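Presented sequentially are two complexes of chain A, the first with chain B as partner and the second with chain C.
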Partner chain A sequence: MNKSFIAQNPSVLWFLAALGLFTLAVTLLSEATGVGLISTSFVKTLGKTLCLCLIAIAMDVVWGYCGILSLGHFAFFGIGGYAVGMWLMYARTEGIVLESLSGQVIPPTPQEISDAIGNQIFGVVGSSDFPLIWAFADNLFLQLAMVVLIPGLLALVFGWLAFRSRVTGVYLSILTQAMTLALSLYLFQNDSGLRGNNGLSGLQNIPGFEATPQATISIVFFLVSALALGLGYVFFAWVISGKMGSVVKGIRDNEARVRFLGYHVESYKLFIFTITAIISGIAGALYYPQAGIINPGEIAPITSIYLAVWVAIGGRGRLYGAVIGAAFVSLLSSWFTGGGAPDINLGFYTIQWTDWWLVLLGLSFVAVTLFFPKGIGGLFDYLVRKPS
Partner chain B sequence: MRRILIAIALCCGSAFSGHAQELQQILQVHADEVAKPSRRSVSVVLEDLVASGLPQVPVFLEKWSAKNVWQREDGVFFIATADGDDLKLQDIDTGGETSAPKSTFKQLKPNGGVRRVIGTALVQFQLSDPDLTRREAAVISIARRPDAAQLAPLVASIEDEPDPALKARKTQLANFLTARFGETPQDRIAAIESLSTDTSVEARSVLNQILTVKSGVSASEPEGNLARILDPSQAPDAFYPQLVEAGLAPAETTPAMIRAVLEANIDGGTVGGVPLAQLNSETARYRAYAALAREGLAPPLVTEDTREYTVGAYVFYELYDEEDPAITDAAATALASVEQRVAIAQTADLALDGLSLASIYFLAAIGLAITFGVMGVINMAHGEFIMMGAYTGYVVQLFVPDYTISILIALPLAFAVTFGAGVTMERLVIRHLYHRPLETLLATFGISIALQQLAKNIFGTQARPLTSPDWLDGAWVMSDVIQISYIRIAIFVLALIFLALILFVLKRTRLGLEVRAVTQNPGMAASMGINPDRINMLTFGLGSGIAGIAGVAIGLYAKVTSEMGSEYIVQSFMTVVVGGVGNVWGTLAGASMIGFLQKGIEWLNPSNTLAAQTYMILFIILFIQFRPKGIVAPKGRAAAD
Partner chain C sequence: MSMLLEVSGVTVTFDGFRAINNLSINFAEAELRAIIGPNGAGKTTFMDIVTGKTRPDEGHVIWGERNISLLGLSESKIAMEGIGRKFQKPTVFEAQTVRQNLAMALKTPRDPFAVLMHRKTAQNAERIEKIAEEIGLLNSLTRVAGELSHGQKQWLEIGMLLAQDPRLLLVDEPAAGMTVEEREKTTDILKRAAETRAVVVVEHDMEFVRRLDCKVTVLHEGAVLAEGSLDHVTSNQTVIDVYLGRGHA
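Then we have the complex of A and B:
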């Protein structure tokens, strides 16, 4: 049992190699290097997909390994995005305001600057005062700390409450769903301090790098996302290996038995729940600067259910399965809904995929659940086992 | 009849012309005001006309107001109607008819304001008019614009009023008018006290009008009927502008003003001795401004401290417009008592709202309580069954134009459609997943998004109408405060029927017995000769069918869209979970709790229903911590989970 965690998870090396090759290829072919075979917007799509893969492996650990079907992990993803978005929006608006005020004869006071920024940011919701939660918005490092701290704390408190009272199974799923619904409803209010349903926008403009072309910025974010995914993969592979991993999987398979063996089940669950929430927050913080806009609709309950769908389609209980599921479904989804797929003319009716993609996705999802419970990842088992 | 009376009166009038006046005479006295009336001048004329007590006055006033009075060149007034180039003239006093060419006459055209004043004066004549509709119109007109002058004629007209309903209304109105304009304080206080049990909006507005205040500020305590002294130290910023307005203090110096003054007084790179570059802080700006103020280049600086100090030196008060403290005291007491009653009525109204919301949640969740609660199957497509029911209702209305009949067809049809859909889904999908509950959740979610998109493809994205029959329009109004729409009553009744029906099916029928047996122990039930497959299929169909009927009911008052199901699904799950899985009574308790709670929170913060939902969900999350298995703890297959 003392094998290194990489030896227990041979997929780690394969995955890192594949990710490295993929990253290298995309970087070389992007507009940033001048080749331009891959457009900047597609680099952004790929970068966003990597972030989705990161939250998918977090979901896989909490669901596929620990057996907690959380339908609220996108709440943490959104919080991470909001935390970074606040700094991006504040710093950029500050730059614009300072520039517009610099022409005046009398130099502006700090109060005037802050009022002008407040007006710019909160004008859309009919306010100009900075709410308390924006207290650290001018400091990138504190906001980055919040990317980790707020999802972590929320998950810790929520998980502690839920696991302590032994809310399990379906009940826990519905409870997590209620959590993300409550959060998104709260953020939809104009007086929530985060611009209501307007959300935060203009996040693709990085303060201090106004002169840098988007092609370069997008490739940098792509690389950072790839790095985060690689590190996240290794980290989770380590978490689920060894004794810790065995206990966690034991909880999934028979919680009562693990408890009777003397393990403190709640602590393990709480640890897994919190750590995956933090990784989700980091994934969100990388995702939204590439998406450019975040609004409360992003953390509506349905997105978290989609997350579970990706993991299930990719194959639960294997980290690469989650990556495959998230990448496959989200890329396919943007191909179909973006009008990339050709319409099918049946003579009497033309199937337009923008209308019919969701129907196909829903039904294929039923099919996967019924006939391929191991998901796409199950194909690898088939390939690996065949020679022996 | 009236003509004859007028004629008789006129004969008498001409016989004793030394004593009785003629209307024409009075009009001639005020000829200029009558010919060119203004809102102010006309009241003098009207006073004289009313005081004369002549019976022809109301007729004249009506004609005048209707622009049917013309003036001859020599100044004599006639009631006239145009007839081609001629005028059909009618003498104002005698009523004798003649005819004359139009050219020598001028039409009187009182403007809207004047006509309104005339109308008010006319009211007292109309109060005793033999025509019921005119009397009613007069009463409505008084209620709309109460006036001291109307009190006496109104009271006088009560006794001879033949219509009992109108008589009661007149008495009530007279009471309102007495409260505001009664002659003696005793009359007014008595009237005010009688209002202390009246919760109608009208009575409250009467009391509020008696209690209107004017706010003011002075150096010492003011004379008059004092309502209250305000404490300015709570918010000096809000009170200071009053001082400025009263001319008791200089206007405050805002940062923007300081900035403007500084910009206007730049003197070779410095302002008031402070270099421009240093002016990026408040203190430096104050320093520069103070220097300018000393030189007389700017008004004195009014800072927050001076504002606070100045405000403290004055008395801010509110004075009643009514001068008699006995009356305002009585009105305040009466209003307090009325408001207490209104608060009770509002609580009752809130309870009704909560009840109707609870019945909607109950309807939406009861089908789920069967599939999720009894069978332990998480059906994420439950919301889409609600949607299918609502669209069934819409389609039926396309073919059956009579709304009553179409609803009667839609209810069983919606049940049939969703029963079929539910059974199909159970046979094809759910049957294979009974041992994997979390995967049922995901599979049914797949069905849910497919159905939703399908509905969008068929019916489009815009909301479709599901119109309720006429007899469900409107609301049951119990008082100005308590009312509830008939649709909500119908939904409540429907919820009750379903509660009874489901309890009956589960507790009193063979099917219910078998369902409960399969729920408790499928293996044992099977060995007793019950076919669990068949029972599961029927139970799932029943739950789905009820969702369809709920869909028709919900569609009647909400929009029918492809997304309507997803709005209810999370709420429905929470209803079932809070209530306790596996128990119809639990669902009822859960729906009641969530419904009343949501209305209660909305009442605390009426402007923000989103916040109400947020707090309610937070409450539910906390509630589940303390009762993880819901209000009514479950038994059966779900309890093992």
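Then we have the complex of A and C:
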């Protein structure tokens, strides 16, 4: 990341400056500093939005730049969330169990402690044994490693199989969607080892920081999310600048031609698919402690489709477009579906936005695709005159 | 004389249709060759086989002094062996600048990590400029390729091939849709390229082939019908019957 990279990409500096200002403003106005103009729950919403922006830029790199319409990146996001959620839930339950057992005259054996934790966590799915995948749940660092390793490995294996067979276009989209659906359906099962449709909950309580108010925890996660988004943005901007960007965009526009230039197209696709999957996993790991709960519904294929809609509305093929799309649409979505938008009474019919928001979103997606293929981000082209 | 590329006894069938029928054809180092033939003669299929896009049912394709068989290699490996291909339609990367197009084609390491860590060097910039000069696009390096005229796109694609520094250049109908002036320039570029490498031009246009002034191979129904100078093959009665008599009457 030398000087010329930033010099060649002034939009990166602009983005970082905007992100920095936004972060500073939110922090100063939050309850954590005592000002309290922004409620803790809204800080969490903003922090989650930053994580969604991070996965959106990953989606933009894989779709907008490399031309792979993946409908599976939310699966990687969810896996990241589950990986960190396992530790959060285990460590917190362990704390509670140890506390409740501490009053006993005979100190509990490790087996008793383990059984009690297992009962607490898996009682809801009628079990008390720890499944194999929880083997490292007591170790934060191993679970954090899994945030990166599992999405990365899954993407590597899946991508290798798919790209090697030269599955492209809509077939690849269907394949990624099938992967997402399969994962989601598997997790819905009670014996999947991840509490079935209950998912993991209580993730907003960070073990070891029970005394810390949520106002502080929320702002810490908000800041870390902002940092992750900033770093992710610079990383992706660097990847898609220069020669790598040239090749990747070439693959999007004419895969066969790149192949005849001597590039092994499959390796490039695999590389992009895997690094974006890893970043998606990291985004998920930051998102779910702020959301407090993760369940298999979060991995349902529809979420990955929303992701594509965000990127399309924001503007494909420009990173800030993806950020704008994800932030704008997801915040709007929570405003409409959260009852923020007033219902419209037409006399004969009342438009309730909780029902009609999806219709509106669908229509805007169609409208953007037809009339503004560059998305919201395309507006910047009018502001910044292209150097000729 | 040792050959650069030897194609022998190659047959390809698509759904019962023999696109290439026991074709044998050789190319020497540093030669200019034109391949002509009516539609469906197998010209493009021949290129597909050499570049690894299509696998033949039978036959051998032997490359270079180490006599490597190209049949087991992937497209990108074949390209790295030194075979470059220009498509019929100009296929340049329209969203990128002329310089980026040439830089992508330049003979540099091709694996993802080398490309990710790639740094611009003065030496590469010089090579790009030299090629741009050769194809007459030196003043257009910063232009987006999509803005170029049809002829310029064709040259850019030839330039990308030269940047790959291949030992064999397969060029599919380079003169299609060009003005007379552009054709002359294209002829010059190809002739110069053929001084240091083998250049094989597939062409429909007799006038253009005449300008190339080189050995001509006539393909018909997937096999070689005649070979020699243009005057020699055009005086061949079979050639006149299958091709000239029909296409140029």
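Here is the rule we use: the second predicted complex is superposed on the first by the 382 of 388 C-alpha atoms of A that agree within 3 Å, B and C clash if a C-alpha of one lies under 4 Å from a C-alpha of the other, contacts with A are read in each partner's own complex, and residues count from 1 in each chain.
In the analysis below, a contact is a pair of C-beta atoms (placed from the backbone, for glycine too) under 8 Å apart; a residue touches a chain by one contact, two chains touch by 3 or more.
Nothing here was measured: the structure is a model prediction, and the numbers come from that model.
*Asks:* Which partner does A:Ala116 contact after superposing on A: first (chain B), second (chain C), both, neither?
*Replies:* neither
*Asks:* Mind working out whether A:Leu363 is in touch with chain B, chain C, both or neither, as first, second, both or neither?
*Replies:* It touches chain B, and chain C stays clear.
*Asks:* Which partner does A:Leu69 reach: the first (chain B), the second (chain C), both, or neither?
*Replies:* Once the two structures are laid over each other on A, A:Leu69 reaches chain B alone.
*Asks:* Between chain B and chain C, pick out the one touching the greater number of residues of chain A.
*Replies:* Tallying touched residues of chain A, the top partner is B.
*Asks:* For A:Met244, select first, second, both or neither according to whether it touches chain B, chain C, the two together, or no partner.
*Replies:* Only chain C is touched by A:Met244; chain B is not.
*Asks:* After lining up the shared chain so the two structures overlap, which partner does A:Leu54 touch, if you call chain B first and chain C second: first, second, both or neither?
*Replies:* After superposition on chain A, A:Leu54 lies in contact with neither partner.
*Asks:* Quick check for you: in the superposed arrangement, does A:Val170 touch first (chain B), second (chain C), both or neither?
*Replies:* First partner only, chain B.
*Asks:* Name the contact category of A:Met179: first (chain B only), second (chain C only), both, or neither.
*Replies:* Only chain B is touched by A:Met179; chain C is not.
*Asks:* If you lay the two complexes on top of each other, which residues of chain A touch chain B in one and chain C in the other?
*Replies:* Correct list for chain A: none, the interfaces share no residue.
*Asks:* Would you mind writing out the residues of chain B in touch with chain A in their complex?
*Replies:* Touching chain A: residues 255, 259, 262-263, 266, 271, 276-277, 279-282, 285, 378, 380, 429, 432-433, 436-439, 441-443, 445-454, 456-457, 566, 570, 573-574, 577, 608, 610-611, 613-614, 617-618, 620-622, 624-626, 628, 641 of chain B.
*Asks:* Touching chain B in the complex: which residues of chain A?
*Replies:* On the chain A side, the touching residues are 69, 105-112, 158, 161-162, 164-171, 173-175, 177-179, 181-182, 185-186, 188-189, 191, 301-302, 305, 308-309, 312, 355-359, 361-366, 369-370, 373.
*Asks:* Which stretch or stretches of chain C touch chain A in the complex?
*Replies:* 51, 53, 74-76, 79-80, 84-85, 87, 91, 93-96, 100, 103-105, 110-112, 115-116, 118, 120, 160, 164
*Asks:* What does chain A use to touch chain C in their complex?
*Replies:* Residue list for chain A touching chain C: 239, 242-244, 246-247, 249-250, 253-254, 256-265, 267-268, 271.
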